[in-house]
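Contents: one structure, followed by commentary.
Note that the chains take the letters A, B, C, D and E in the order they are written out, and that residue 1 is the start of every chain.
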Amino acid sequence: MTDLLPLIVAKYNYWLYVILMMIGLYAMIAKNNLIKKVVGMNIFQTAIILFYLSIGYKKDATLPIVEVGHEGQEAVVRALDYINPLPHVLMLTAIVVSVATFGVAMALAVRIYQRYQTLEEDELRMRLSEE
Amino acid sequence: MKFLGFIVVCLTGALLLYGTGQFPAWGDPGSPASTHLSNYYIEKTVEQTQVPNIVTAVLADYRGFDTMFETSVIFCAGLTCFLLLRDFTEKKERFYRHRPTGVILHVKDSEKVLKVGKEFEHIDKDFVPSDLIIKTVCRILIPFIQIYALYVVAHGDFSPGGGFQGGVIFGSSLILLAISYDLKTLVERIKEKVLGIFAAVGVLIYVGIATICMPMGGNFLNYGMLAPLLPGDPRHVRALGMLGVEIGVGLAVMAVMAIIYINIVSEGRHDEGL
Amino acid sequence: MHWPIDLIVLTFVIFCAIAAISVKDLLGTAILFGAYSFMMCLLWAIMGAVDVAFTEASVGAGVSTVFFVAAVFRTSRRTKD
Amino acid sequence: MDNYPVLIVVTPLLAALFAGLAAWIEERLSYPIALIGLAISTFSAFKVLMRVIASGTIQYRMAGWAPPIGIEYRIDLLNAMVLMLVSSVAFLNLIASYKSVEQETNDRAASFYTVYLLFVVGLLGVTATGDLFNLYVLIEITSLTSYAMVALGDRDRAPLASLNYIFIGVIGASFYLLGVGYLYMQTGSLNMADVSRILQSHQGSSIVLTAFILCMIGLWIKMAFFPLHVWLPNAYSYSPVAFSRVVAPLMTKVMIYIMIRLMITVFGYDYIFKTLHLSSAVVWLATIAILAGAIMALAQKNLKKMLTYIIICEIGYMVGGAWMGNQLGMTGAILHILNDALMTFAMFLAVGNIVYKIKDVDLSNLTGLFGKMPWTMAGLVLAAFSIIGVPPTCGFFSKWYLILAAFEKGAYQFAAALIISSLICAVLFFRVFEICFFNTDSKDHEHGNGHPQIKIEEAPVSMLIISGLVSLSLIVVGLFSGTIVNTIILPFLK
Amino acid sequence: METIISIKPLLAVLVSLLVIPVLVSSSDKPNVRESWTFIAGIIKFLIVLSMLPAVLQGKQIVLTLFKIAPGADIAFRVDALGMLFALVASSLYIITSMYSIGYMRGLKEHGQTRFACFFALAISATIGAAFSANLLTLYLFYEVLSLATYPLVAHHQDAKSKRAGRRYLIFILGTSIGLVLPAMLYCYHATGTLEFASGGIFTGQLSKPAATVLLLMFVFGFAKSGLMPFHSWLPAAMVAPTPVSALLHAVAVVKVGVFSIIRVITGIFGVHFLLSFNLGALVAGIASVTIIISSCIALTQDEFKRRLAYSTIGQLSYIVLGVALLTPKGMTGGMLHIAMHAFGKITLFFCAGAIFVATGKKYISQMVGIGKRMPVTMMAFLIGSMSIIGLPPTGGFISKWYLVLGTLEGDQMILLFVLLSSSLLNAAYFMPVFYKAFFCTEEESMFEDKIEEAPMMCVIPLVITALISFALFFVPQPFLNLAQLAVKGILGG
């Protein structure tokens, strides 16, 4: 038990990401309202982004922006001083993808509401089976 | 469904927790992720590209190919919203305000559209904002927001930010205009056609810059080959290439954000809305 | 490490996430969702991912929320769960 | 410097953008632009294929950065084949689509072509890339465009189908992304070859195992492998014909390709079959998938819906073959990627022609079609035979390899499932043929004198020619399957 | 054995395939269309015939088209057995085309172009099956034949033909996909080849139970051979127009089934292999049961074509029986019976069709006195039925003679008994027809005076086939030589 606590503390970001992801996934599967599902989807995606950024984090390191001296006085850059930039890059892309999906999902929700006047899945299913 | 969802979620969670067991400690500088590739980027970026913001450099140069498609994704999202929602038919039910008297006319189911001018004013059915304070504040704020957006785009090489963030901020300023006044104001100022062309042109700038590198003798996206075309220090050519690309991204993102907003909020009719 | 801040933000993130999917009013969900995004963005800023945090602040807390409200405006606030 | 590999992907992208611009300036220009873009792409794919066959794997460095640093295109025989397949199917479909797009999306055809091209860009990029994250971005492009396309179909039901597709698609893509994250955490790299090299020394790691499971589940969701298939039937059957003709043959097949690519190039045979021992379990799953797909297809009353369930059944073939763990199985799976894409394409081309004429393809509406649309039906019959697995159509030969692989591994249940599904497909299609061949309202006339002369009402020539060509290619590809196996698949697997 | 590489087998297959587009394009000019059918038939026959001398000299003509997998190509090989079958099928195709012109026009059938096209396709597949060099190619043509025949069976497009077509497909396609395909793939898996070899391809890979199961899968899987219990498609398929029943369901289709069984027994398993496990007796047993039962059922059928169909089922089993005896004489008899039965049975079907064209009657009980109105037809019928029963002086006698010799050679007294008793049954179900047709008074006759012979195009073919049946008794050489050559090749003598 003694080494469990440090383990939990040392990786709490990862635990958090798992929890968020489970929340998001649960909302996507179990929620009845389509917009709620979209929210779940977004939580799910941000959880993954959190995971990636946690991979990239480095203790005692600073932002991945190199401090450059003026005109040619380039200091020696030590890799240990800077946070890993690659996950940031990847996650920028992921955020863009998620907002794109979000926009499309919202547009679809509006379309569905136009047609059926409801966003509740059970009511939609009822309407569909009526037709 | 709830129960099934719960089980699926628990299984996923268990799998992820299982995977977490052997993770390197959080923030460990010696983990593989922080040593294999990232060191190269951190150490070589400035030397190779003259761009201090490593994220921008990796985004627009080393992994510029990803970003090109990311921009295409955004373009595609805008196009999708347009395709899904855009409705060119006029709404049958309309409201007009008679300016001199302030009487509101409710026109139901009529093909005839009243002439909007000095006498009559077309007003929204659902939402009529008319708050002087908000209008005035936004009027003052919007230009500053837009300048800030341009700054974010242009300064992306040196500080956090870049084409995408700048584009979103610029787009937000347009949305703010629509919210504080009304949708018609925005649509009149920036035509749908302009937005559509901006979106395509933005991505085209990116792909175009990338493509030009090929006839110049380099691989796709190799900004280094653009040196003969660009003025200034050839060492900065990559930074310039990235700037060009970021401008393209910004343009596209700005347009797409506005397109998505306008289409969603007006159900594709571009007349009334939040 | 600013672990107290970190911890507070973490708590908020989870709180907002759960609240966002369980509030029975979609407009409320929209706002909570914006708050969630913003908390997330803070968390990332703490972790040194400024670019990502910047993006999330403008996208997640900004534009997405606006899209959300716009969609709710055109559909309905009603939700059963 | 030779830029063909990137031209395969970039020309359609450029064409998409120009077509998008043309939508606002001169709408009629967008179709020729799209056509030219895909033609160049197909030509480049052909060039690349020839070069790869002649001189082996091609590597192309984006922006000139060496592989683990930058993104590379690594095109070997398998990629080259799939690239050729995707680009030519997309190109042919575009030719055939002109009329049906006009019919289905009258006022926004230009935007349709833009989205269509972006979809193709996504598929091509997914196939060509050698970078795990680039793959994700391109999967998202394909997904996003397909959400859009699906939603454009049937006015009433398509948006809901599309939204459900989004939810499941996002889960799938996110699982894949997570898997890549786990891999990145273990290796610090995103380049497939590099990751594979580093993974050699982490065979027992739980991170790698989780990554593997996540990637596979993600891809299975994306390819609609049986228990995860729920989104596919609605999404494919409500989408516009011009799109379902390209998504049905290509989307799932490209996903299978990715699965095979991950299995062979990234994780490696040894890891999957010697370290994990998951083979039998997945083959059992595939067996169930095949049977379930076939049985669900039996319950359908709509031709398009029925075909979508057959796709699910075919996915079981390929997954089972790939997981068989022997060379024959992999050969069968890869060959079936090609064959299934072609036969589904032929099938949907024919169905597209029918939809063009009679809108609703409920089985009860199809009476007398053999008389009305003989050429279309000929194409349909050939495609159906290929799906049933009648020699010499190509469907038979991939089945041949798959069953042999099952025998070799001793997975007799899989072989039995293949044969049963063939029989069920035969029942399915002959049910359709019966409806099309016999007039239900025909009186009990003794000797055919009462047959009214049915007027031929065929689809437009542009659609017919493509349909006929593709259907004939089923036989040609079938007869040359030995050549394909020997020049492309076996050298690749060696 | 000497082999010649030649494109002729391919040509023989392709001729009628290539003529299909021509037929389609001339669909509104019936005379042009029919002459093309003829020309194709004759060219096909000539090509087959031109290969005969080489085959009779003991050479084989081979051609490999496509390499699919090692040991399983799409390839042709013309040997004596294939030659025998191809000769029968292609010669009868010409005669049947002539007959079908008379029949189809006489009845003003619809969809004649479609009919001609699928007929051409079917005969192509038949020739292809005859010339197949390995099981894969054989299976390919077998399946093509099954599918090409479906529109012919269901030609009338009414409810009855729908049912018949459905039954036809369930039996033929179901067995070929469900039984033959796995069996074939298992063979390939076990041996790595599907090439027909005179000694079989198995070299001890199979235990007896496995071999039994595999053999049964093949024997029942080739359901076109009509072995019970997979026979009932054949009577059902009699709803098809008579030319179809005549050529396909008396000659081409059913014989392809039997031919495939012979190929599997001799080329895949090998005679010695089967002898060592005593599996020949099993097949022979199934065949004899089929012979007896089908003959008994034939007695009860009143519809003329159905009676013929059950007779066909019995006769096909003769062939299987003969080959399953695994003795030289028996196999010769079986193979010879392919030819002899073909000429006899096609005559009978032609007669049934001619009667139908002339009078519209389908049932035997309605045919009282027809012999007086259509004497030529009924005389041909007599010769045909004698050939089937096995009475001299018709060709049927020769094959049956060899079969009997075969049973004696193999000491199979039960089988001998089966053969003889079934001959009696044959006579029992054919002779009443003849009796009804001729031996009745003028009052009993069911026919008006105005009834005449069917059109010339119907009568000439049946006269020709009857004469050939007759002539084969005196000149059985080409077929007999081929059969003996084939047996010699198989037994490695």
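Heads up, the rule we're going with is that contacts are C-beta pairs under 8 Å (C-beta built on N, C-alpha and C of every residue); 3 or more make two chains touch, one makes a residue touch a chain.
Please read all numbers here as calculations on a predicted model, not as lab measurements.
Undergrad: Supply the minimal count of touching-chain steps required to go from chain B to chain E.
TA: Shortest path length, in steps: 2.
Undergrad: By label order, what chains touch chain A and chain D together?
TA: B
Undergrad: Under the touch criterion given at the top, what is the topological distance in steps from chain C to chain E?
TA: Counted as steps through touching chains, the separation is 3.
Undergrad: Name whichever of D-E and B-C has more C-beta pairs touching across its two chains.
TA: Between the chain pairs B-C and D-E, D-E carries more contacts.
Undergrad: Based on the averaged CA atom positions, which chain is farthest from chain A?
TA: E
Undergrad: Whose C-alpha centre lies nearest the centre of all protein C-alpha atoms?
TA: Of all chains shown, the one whose C-alpha centroid lies nearest the global centroid is D.
Undergrad: Centre to centre, using CA atoms, which chain is the farthest one from chain D?
TA: Max centre-to-centre separation from chain D belongs to E.
Undergrad: Mind checking the centre-to-centre distance between chain C and chain D? Centres are C-alpha means, answer in whole Å.
TA: 38
Undergrad: Could you give the separation in Å between the centres of chain A and chain B, each centre being the mean of its C-alpha atoms?
TA: It comes to 18 Å between the two C-alpha centres.
Undergrad: Could you give the separation in Å between the centres of chain B and chain D, each centre being the mean of its C-alpha atoms?
TA: A distance of 32 Å separates the two centres.
Undergrad: How big is the gap, in whole Å, between where the Cα atoms of chain A centre and where those of chain C centre?
TA: About 11 Å separates the centre of chain A from that of chain C.
Undergrad: Can you tell me which residues of chain C touch two or more of the remaining chains?
TA: Residues 50-51, 55, 59, 63, 67, 70-71, 74 of chain C each touch two or more of the other chains.
Undergrad: Out of chain D, which residues touch more than one other chain, so two or more?
TA: 133, 137, 140, 144, 147-148, 151, 159, 178, 184-185, 190
Undergrad: Scan chain E for residues touching two or more other chains and write them down.
TA: None at all.
Undergrad: If two chains touch, include that pair; go through all of them.
TA: Listed by label, chains in contact pair as A-B, A-C, A-D, B-C, B-D, D-E.
Undergrad: Looking at the complex, which residues from chain E come into contact with chain D?
TA: By the definition above, chain E touches chain D via 65-69, 73-74, 107-111, 136, 139-140, 143-144, 147, 151, 154-159, 162, 165-166, 169, 173-174, 177-178, 181-182, 185-186, 188-189.
Undergrad: Where on chain C is chain B touching in the complex?
TA: 50-51, 53-55, 58-59, 62-63, 66-67, 69-71, 73-74
Undergrad: Residue numbers of chain A touching chain D in their complex, please.
TA: For this pair, the touching residues of chain A are 25, 28, 34, 37, 41, 44-45, 48, 51-52, 55, 86-87, 90, 93-94, 97, 100-101, 104-105, 108-109, 111-112, 115-116, 124, 128, 131.
Undergrad: How about chain B: which of its residues touch chain D in the complex?
TA: 15-16, 18-19, 21-24, 31-38, 40-41, 61-66, 69-70, 72-73, 75-77, 79-80, 82-84, 86, 88, 193, 196-197, 199-201, 203-204, 207, 210-211, 213-214, 217-224
Undergrad: So in the complex, the part of chain D that touches chain E is made up of which residues?
TA: So the residues of chain D touching chain E come out as 385, 388-392, 397, 400-401, 403-404, 407-408, 415-416, 419, 422-423, 426, 430, 434, 437-439, 442, 444-445, 447-449, 451, 479-483, 485-486.
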